[in-house]
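Scrolling down, you'll hit the structures one after another.
Next come two complexes built around chain A: one with chain B, the other with chain C.
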Partner chain A sequence: MTFLETLLQQSPVLIIATPLLSAFLMPLVSRIHAKVRDVFALVVLGVTSCFVGLLASDVLSHGPRIYIFGAQNLSFPLVRILFEVDSMGVFMAIITVMLASIAVVYSWSFLHQQDGLDKYYTLLLLVVTSALGMELTGDIFNFFVFLEISCIASCALIAFWVDEGEALEAAFKYIVVSSIGALFVLFAIGIFYAQYNALNIATLAHLLQFTFLDKIVLAILLVSLGMKAGLAPMHMWMPDSYGRAPPSIILIIMSATLASVYGILRVMFTLYGNVLTTSLRFSLPAHVIIGWILIALAIVSILIGVIMALVQTDLLRLIGYAGVAEIGYMFLAIGTSIVALGTSYATVALHGGLFHILNDALDIGLLFLVAGAIYYVTKKRSLDDISGLARSMKFTTVFFIIGALAVAGMPPLNGFTSKFLIYESVYQVNPILSIIALLGSILLLAIFIKVLYAAFLGPELPELKDVKEAPRSMLLAMGFLAVFAVVIGLFPNLVLDTLVKPAATALLDHAQYISMVVGGL
Partner chain B sequence: MFSLESGSGFWNPVLWVLVVFVLFLLFYGIRGFGRSTYKKGTEQTKVFLSGNKETSAEEMHVKASNLYWGFTTSMKSLYSVLRKMHTGNTSDYILWFVLVLAVLFLIMGVM
Partner chain C sequence: MTKIVKTTANILFPFTMIFGLYVIAHGHLTPGGGFQGGAIVASGCALLLVAYGSPWVFDHIKDKRLATFESLGAIGFITIGLLGLIFGAVFFGNFLAGSGSLFGTTPATGSTLADFNTGGVLPLMNFAVGVKVIAGLFVIILVMAYASSIKEWS
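Moving on to the complex of A and B:
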């Protein structure tokens, strides 16, 4: 076996172990020199990205890969955890490592005068570990463990600016909401274990009978993970946390949030994939009822997100509410693909929804970084206190315009491509849904035109005359996201064909995921 | 390769960029036919405010909280409901979680 083949075979564990062990090594590395610490964090994520890339190339060309921790054979006492990595898992892992790497580059300048950066990078790597763990594991209890790590590490990061009372309050709200959500997930896992004596997702999916208890578990998992994902009306923690956390951190918390969206996808398509077509009362198939529940929550998210964003003056909170609307678009597509399960436009909707996960990460992420750059140079959060920044922050203004147009779904940027697929597929279910989705995009454009006018255009304020452009590492991080937004917008098939379509196929072909484990392992 | 198919339509961003570029050239050409006879720094280039004197740019700048005043005023009743919903209390956040969970339990129970 060659070195590369050994690396490939061990890549699932290396993807988790590299950031996890480096997180605990970080306080020691920090003692050498601040620059060594900064470079170490990026190198760790670079190495993790290489492992993710290696695993992705293998999974995309040869199908799902299983990694067994513990007992290799089915001998008792059976103590083992399975990682089952398919195209959906690697798609999410790629988003996570990309966001984390960009956040680290941005943090170099954004936080260079702050204390406690050893703890900052330790927590950052722990959140990355937890998100990657949630995305790669094939064990539902293991998923809960990583969810808990994500909650605790994210809470500490939100409270990083500990001298600000509001940051502590936001962190408190986050930990309460996240912990309750995670405890309900644990309760759901307990019900599964009591019924089926199994914790492996594929095994559970194979055994699932869709009993009354299974329906209860489905409701709990949907609502708990939905709250963690920021689905309205359980979204309120999101603007609070995003409004007070350091903007470099928001990218990392976003990756954990998107891992919860992944959790819902895994629950819906893999765990309950076999029973979704079961007929319930009034001869209604389960997927129609569940799909419409998701669509209803998605529409509420879009409307509440845009309507509340329109009146915000705190830029970070405003983008937080826009993020709620974007989550709504994802769930609108997911709900549509579940309602119309088996039809051609269900697949198009799923493509749109998955593509929008990536585009949301890029576009909302870019806007948060722009808001962070504004805060870095002006030390102001309110749009009422800033004006005419385009004169001194030309690059940041261009990045903002790209991010804003992409979030609003304006062609030819990446946001449009995923929204185009969503509009077209949702229209087949009900044209009114498409109209609401379009209305949401128009309002998003209006919201960001307000930001453009208030922050970047207008007269230069006397107190902001000495403002300079953001430092290079921050511009570099924003530049990466902006370039991705433009390139993906111009050549959507590059990502759609190589990552999104295989991920959608992996979700829809749940039989393959189940048979990999149930077939003999 | 450049065209994105949705099953009922298609989207080609490269074609779109080309069309926009050609339109830009066309409008730029039409603009060239105009005459620039105005004189800079005279009354001709000043803003006309119904005869009122133009104040300084700082005074005329509309703050972010005043933008879309008409929209927010006409939607006052909706905003008052939404503001009441967003109390900022953690217990209310959990209440929404419990409410949504209860509704889903009900639907799952009935079905």
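Moving on to the complex of A and C:
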């Protein structure tokens, strides 16, 4: 066996172990020099990205892989912790490492010479570890452990600017909401374990009977993971923490949030994949009922997101509400694909939803970084206090325009492709849904045009006379996201064919996921 | 605190330490392990804090050194996992069990006395977790003592 093959075989665990080990090396490394610490964080994420790339190229061409902890072969599938990596997990892992690397580059200048940066990088790498763990694991209890790590580490990161009281309040709200969510996930896992004596996702999916308890578990998992993902009635932590955390952190928390969206997808399509078509009541199949619930929540998310964003004056909070609306679009697509399970437009909707996960990370991330750059140079949060910034911050203005148009789904940019896929598939379920989705996009465009006029155009304020362009590393980070947004917008098939479609296929093909582990059982 | 409390703490402190270290070391044989034993040791340190007051403890303990120990505990744990990858072909592979060397004896079956020299990498992992928990919990206690010693906050 060559070295590369060994590396490939071990890569699922190395993806987790590398950031985890370096997270705890970070306090020691940062004693050497601040520069060494900054570079070390990026190098670690670079190495992790290499492993993710290696694993992705193999999984996309040769199908799912499993990794067994502490044993060579799968003799006791019920007691071993497994990592099961398919195209979906790989797709999410790529998004996570990309967001994390960009956040590290951005925070070089953004948090320059602030206190406690060794702990900052430690927590950042821990959140990355937890998000990657949630995406690669094949064990539902393991999923819970990583979920809990992400809760605690993100809470500490949100309170990074602890001298502002509101950051502390946002962090407290976050830890309350996400701990309750995580504890309910644990409760649900307990019910599973009591019934089936198994914790492995594939084994559970194989054994699942869809008893009354299983229906309760499904509801609990949907609600608690939806809470972590920021779905509408449970979205209240999201604008608060996105509005108060340092913007480089927001990218990291966003990757943890998207990992929760992945959790819902895994629960719906794989864990309950076998039983979705059984009829519940009034001869309605389960997937229709669950799908419509998801669609209803998604519509509420979109409406609340855009309407609340319309009235905000705090730029970071405004983008946070836009993020809620974007989560709504993802769930609209996911709900549609569940309602119409088996039809061709269900697959299209799933493509749109998965593609939108990537596009949301790029667009909303870019807007947060732009808002962070504005905060960095002016030290002001409110749109009322800033004006005419385009004169001094040319690059940032261009990046903002790209981000705003992409979020609104304007044609040459990446948001258009995924939203178009969502519109055309949702239309076949009910045209009204498609109209609401379009209306949401139009409102998002209006909101960001308003921000463009308020912040970048208009008269120059006397107190903002000596404002300079953001530092180079922040521009670099924003530039990366903007270039990705434009390139994916111009050549959507590049990503759609290589990453999104295999991911959707892997999700819909739950039989393969199960047979990888259960096999002979 | 009074002389009575200080003397009692002086007597109890070594016993608490030994019991905590015993729970850590025998984690693979008896109930308990790294976390539980570490919590016992850290509670012994809390005893000192109560008896001698926070200024005395702040003078004698450097929080930076505790933070280093905490990192070292976590690094040790993951390193053992990675050593399993190198010597046992999988992450967390138990490469010491049954090897005859350190912690490598295969335990006898049936009703025998507990053999300490068993368990492979498990005792090592317990030691790593123990170091981390002792340092981590003690830092938490110190921070709480420090916060409550600031009068302006109240």
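Just so we're on the same page, the second predicted complex is superposed on the first by the 510 of 521 C-alpha atoms of A that agree within 3 Å, B and C clash if a C-alpha of one lies under 4 Å from a C-alpha of the other, contacts with A are read in each partner's own complex, and residues count from 1 in each chain.
Everything below uses one rule, namely that a residue touches a chain if its C-beta (ideal position, glycine included) is under 8 Å from a C-beta of that chain, and two chains touch if they have at least 3 such contacts.
This structure is a prediction, so every number in the text was calculated from the model and none was measured.
A.B. asks: For the three-chain model obtained by superposing on chain A, do chain B and chain C clash or fit?
C.D. replies: fit
A.B. asks: Looking at chain A, which partner touches more of its residues: chain C or chain B?
C.D. replies: For chain A, the partner with the higher number of touched residues is B.
A.B. asks: Examine A:Gln195 and indicate which partner it touches, taking first as chain B and second as chain C; both and neither are also allowed.
C.D. replies: Neither: A:Gln195 stays clear of chain B and chain C.
A.B. asks: Calculate the angle at chain A, using C-alpha centres, between the directions toward chain B and chain C; round to the nearest 10 degrees.
C.D. replies: 140
A.B. asks: On the A-aligned overlay, A:Gln512 touches which partner chain: chain B = first, chain C = second, or both, or neither?
C.D. replies: In the superposition, A:Gln512 contacts neither chain B nor chain C.
A.B. asks: If you stack the two complexes on chain A, which partner ends up touching A:Arg281: first (chain B), second (chain C), both, or neither?
C.D. replies: first
A.B. asks: Just chain B (first), just chain C (second), both, or neither: which does A:Pro411 touch?
C.D. replies: After superposing on A, A:Pro411 lies in contact with chain B but is clear of chain C.
A.B. asks: Between chain B (first) and chain C (second), which does A:Gln72 come into contact with in this model arrangement: first, second, both, or neither?
C.D. replies: Touch status of A:Gln72: second partner only.
A.B. asks: Once superposed, minimum distance in angstrom between C-alpha atoms of chain B and those of chain C?
C.D. replies: 24
A.B. asks: Would you mind listing the overlap between the chain B footprint and the chain C footprint on chain A?
C.D. replies: The answer is that chain A has no such residue.
A.B. asks: Could you pull out which chain B residues touch chain A in their complex?
C.D. replies: 1-4, 6-9, 11, 13-14, 16-17, 56-58, 60-65, 67-68, 71-72, 75, 78-79, 82, 85-86, 88, 90, 92-94, 96-97, 99-101, 104-105, 107-111
A.B. asks: Provide the residue numbers of chain A that touch chain B in the complex, in ascending order.
C.D. replies: Listed in rising order, the residues are 172-173, 176-177, 180-181, 184, 212, 215-216, 218-220, 222-223, 226-227, 233-234, 236-237, 240, 280-281, 284, 286, 289, 293, 297, 304, 307-308, 310-311, 313, 344-345, 348, 382-384, 387, 411-412, 416-417, 420-421, 424-425, 427-428, 446, 450-451, 453-455, 458-459, 461-462, 489-493, 496.
A.B. asks: Looking at the complex, which residues from chain A come into contact with chain C?
C.D. replies: 10, 13, 17, 20-21, 23-28, 67-72
A.B. asks: Using the touch definition from the top, list the residues of chain C that touch chain A in their complex.
C.D. replies: Listed in rising order, the residues of chain C that touch chain A are 67-68, 71, 74-75, 78-79, 81-82, 84-85, 89-94.
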